[in-house]
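Below are the structure tokens for one structure; questions will follow.
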Amino acid sequence: MIYREAGQFKSTYADDQAIFPIRQDRISLTIFGLLAFLGVPMVIDDYWANAVFIPLLVFTLAALGLNILIGYCGQLSLGTGAFMAVGAYATYKLMTAFPDLNFIIIVVLSGFVTAGVGVLFGLPSLRIKGFYLAVATLAAQFFLVWLFNKVGWFFNYNATGQINATRMEVFGVQITGPEATPTSRYLFCLLFTVVFALVAKNLVRGRIGRSWMAIRDMDIAAELIGIRPLHTKLLAFAVSSFYVGMAGSLYFSVWLGAAEVTEAFSINQSFYVLFMVIIGGLGTILGSFLGAAFMVLMPILLKNFMVGGIGVEVVTAKHVEIMVMGILIVTFLILEPHGLARLWQIMKEKLRLWPFPY
Amino acid sequence: MSERRHPIGEQLLSVDHISLSFGGVKALSDISLYVKEHEIFSIIGPNGAGKTSMLNVINGFYHPQEGEITFRGVHRKRMRPYEAAKQGIARTFQNVALFKGMSTLDNLMSGRLLKMHKNIFWQALHLGPAREEELQHREKVEEIIDFLEIQAIRKVPVGRLPYGLQKRVELGRALAMEPDLLLLDEPMAGMNLEEKQDMCRFILDINEEYGTTMILIEHDMGVVMDISDRVAVLDYGRKIADGPPDEVRANQEVIDAYLGVSHD
Amino acid sequence: MDLLFFSETLISGLMAGVMYALVALGFVLIFKASGVFNFAQGVLCLFAALALYDFISEDGWVYQLFGFALPVWLGILLTIGVMIAVAWLIERLVLRHLVNQDPIILFMATIGLAYVLEGVGDILFGSDVKPLDIGIPQGASDYLLDHHNLYIEKLEVVAAVTAAVLVAVLATFFQKTRIGRALRAVADDHQAALSVGISLNTIWVIVWSVAGIVALVAGIMWGSKSGVQFSLSLIALKALPVLILGGFTSVPGAIVGGLIIGVGEKVAEIYAGPLVGGAIENWFAYMLALVFLLFRPQGLFGERIIERV
């Protein structure tokens, strides 16, 4: 009853192809947008920014990138952690070399650098498919982490090997560094996420998205439509790495403020984002949001429940958390392998009829 | 027969002395045939005769060890499927090769990909040129949807469609490429009588409306003899007959190898 | 170049390779029979070793409950029992429900499984490093050291011999027994196997049990060498390059792949390591696998993937 499309007719193809063709969706999105842009900044503080909102946005960006590669183009990658590192280190080098540059430019540039690296490690994808490609990306993962650890140039030869974010501004507002307020950091990330989510949606519903999906579904048939597999796959790697690189950049500079490569960008990070994409829903933009929310919020909820709620020791709680995450992942995969996005779709279908039984 | 809107023209495609082997197996032996523009040409023969391999060679999937292919006057020994598509050759498959994760509409739109060029930045914004292009091609595709009468399943993911409809969607995707030459590999396999009649009608309409030259592999003799302009018969990788349907039907070798004689 | 040193490096690499091969064997078994790349194999090694340690040592549950630790042979038997139970649980709770899914879903499920086993292992047995001593001789081989000036650990020799025996046993099992034949049938075609009456579920329990036992052997070797610790579970990742080289479905391939990777890593680390600051071992195996994939995507012994249109 709430969610009826009756009476909403589309008379042009343009209307039919809109991102949110149904009025109810548009309304809820506007409300959501108002909450996000105006509501949250009013109540946000350092804790909430660091624990919930900023990681949520940063990982949504990363999940969008990985979803493009795996969900839309069907190329499996386990190198997300390393590509985030590329973004982070690019940002570090740029911010230390050009401290007065507008930070937006730095983040976007870091994205482009990562896109380049992504294309390089994506080259094998013409010969190699599926699991085997995953191994190729593992090579990228381990090699790049080693590289950033060993080669001093990347961390400006400082003693600890750690990279620290310096003070950077955008139009006079400080975004990184010690004096940046949670509001400005949050809004910066929010802006990036919203803008690039929109870009992603536009890409996947147009010709580029279709060529990616064609490669994913049957790359042999794709060739005879006139799609060039190598170009298409490399484009996927490029765009995906662009997103992941920006996510890494924000992760390091806006969220953590510092990073040590073997901890922050290890293979665990790759799995973390992979889980987001799978649980959220492969091949959907919404899924990237939902998956990121799930993976970021679930451990927090678990810990609060265990340590705060029933008084479990912190160490044991960590072990239980690992176990529960595993159980949740397996359960999810059994019950709804198409992810939260599909669950959401099913719920909308049910809402169409509710409260009627049929 | 009434006047054809696109009368049969000159040679469009010819294959000369094509031989194809896989390891020890000889799939095609010294086959030569030609197809004229605007005609419907059928290839028939027992299973394993090499019919699909022949299409695969024309399409660029398989590269023959010997022989040449001439399309629109251009000789070539080997070609990639991508180039074949660019030159105006489209194809359907025995085991439907649709993009199962996409809707009918998206599958048909993917057939327009060769004609869509607006670069990635316009795509990212989905404004102006990219949007215009998208809508333009959407119109074209809707014409095909009307023609094939598949409006109701526009948004359905093709993986969920019944086999007969999938084959129709595949035909639609091939048509969306606006091909000069259309290769159809058993387009009526697994269909009941009604569906076959529909498919026949579509094939004839396509040939009539757009003048598309068609090469057809089919087992239903009634259909083949009815709609083809010329027929070639393959057996064990060799061509054993080539000509108008009536001639081929009466050819003794063809009868022995494939057609058989009716006993009433 | 010092020939003696090179020989030592070579042999040391071969021994490391044997250790890798032991773990890779478990992967091959499961992949052969169910088409699943079992990311949890490494954690199974860890879990098996943890369980064994618990049975035979003085700070395990058994000792706390009964006042004595079990003799090694009994501990091993019981651990085998535990691994079979784990296999049964995995089949019942997880595999059965994921029968027709995409390979990537199955792979993700095994990652989830790995997390579960790791968490459970930590909770039950604690996450500190435990020295595992089941009586395998430690230290360098005196004979070789004295007579040929070669430093080779006795443990590694034992591991090599064990691996050889294990491979022989597995090969015979697959070729000669009825169950082995059923396993090969399932690996070929699930549907066809079902239609001749082979119970998929039973097969899977068997395969995962065997993989569990292989994991136990690997766990014992690794545990004796460097103590039972969490990093054992990361071996799963190292197994991937081994499998790439050897082919995902080949038992001899796992051995050969393991040996090549072991030797390659050691040689690269010793000879090229100092030039670039060391720790080449972290990524060398993967780069090697990558290069290999570019020229031979199916590995040395794997099956050629033929795509038909």
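For reference, chains read A, B and C in written order, and residue numbers begin at 1 within each chain.
In this text, contacts are C-beta pairs under 8 Å (C-beta built on N, C-alpha and C of every residue); 3 or more make two chains touch, one makes a residue touch a chain.
Fair warning: this is a prediction, and the values are worked out from it, not measured in the lab.
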Most centrally placed chain, judged by C-alpha centres: A
Most widely separated chain from subunit B, with each centre as the mean of CA atoms: C
Chain centre separation (subunit B, subunit C; CA means) in Å: 50
Intercentroid distance (Cα basis), subunit C paired with subunit A, Å: 33
Cα-centroid distance, subunit A relative to subunit B, in whole angstrom: 42
Per-residue overlap in subunit A, given as positions that touch at least 2 other chains: 220
Where subunit B touches two or more other chains at once, by residue number: 61, 93, 97
Subunit C: positions in contact with at least two other chains: 309
Subunit C-touching residues of subunit A, taken from the complex the two chains share: 70, 76, 124, 127-132, 134-136, 138-139, 141-143, 145-146, 149-150, 220, 267, 271, 274-275, 278, 316, 319-330, 333-334, 337
Of subunit C, residues touching subunit A in the complex: 37, 94, 97-98, 101-105, 107-109, 111-120, 122-123, 127, 237, 240-241, 244, 248, 276-280, 282-283, 286-287, 289-290, 293-294, 297, 307, 309
Sites on subunit B touched by subunit A in the complex: 59, 61, 80-82, 84-86, 90-91, 93, 97-102, 106, 109-114, 116, 118, 120, 123-126, 130-131, 133-135, 138-139, 142, 173, 177
Touching residues on subunit A, where the partner in the complex is subunit B: 13-14, 17, 199, 202-203, 205-208, 210-211, 213-214, 216-218, 220-228, 235, 283
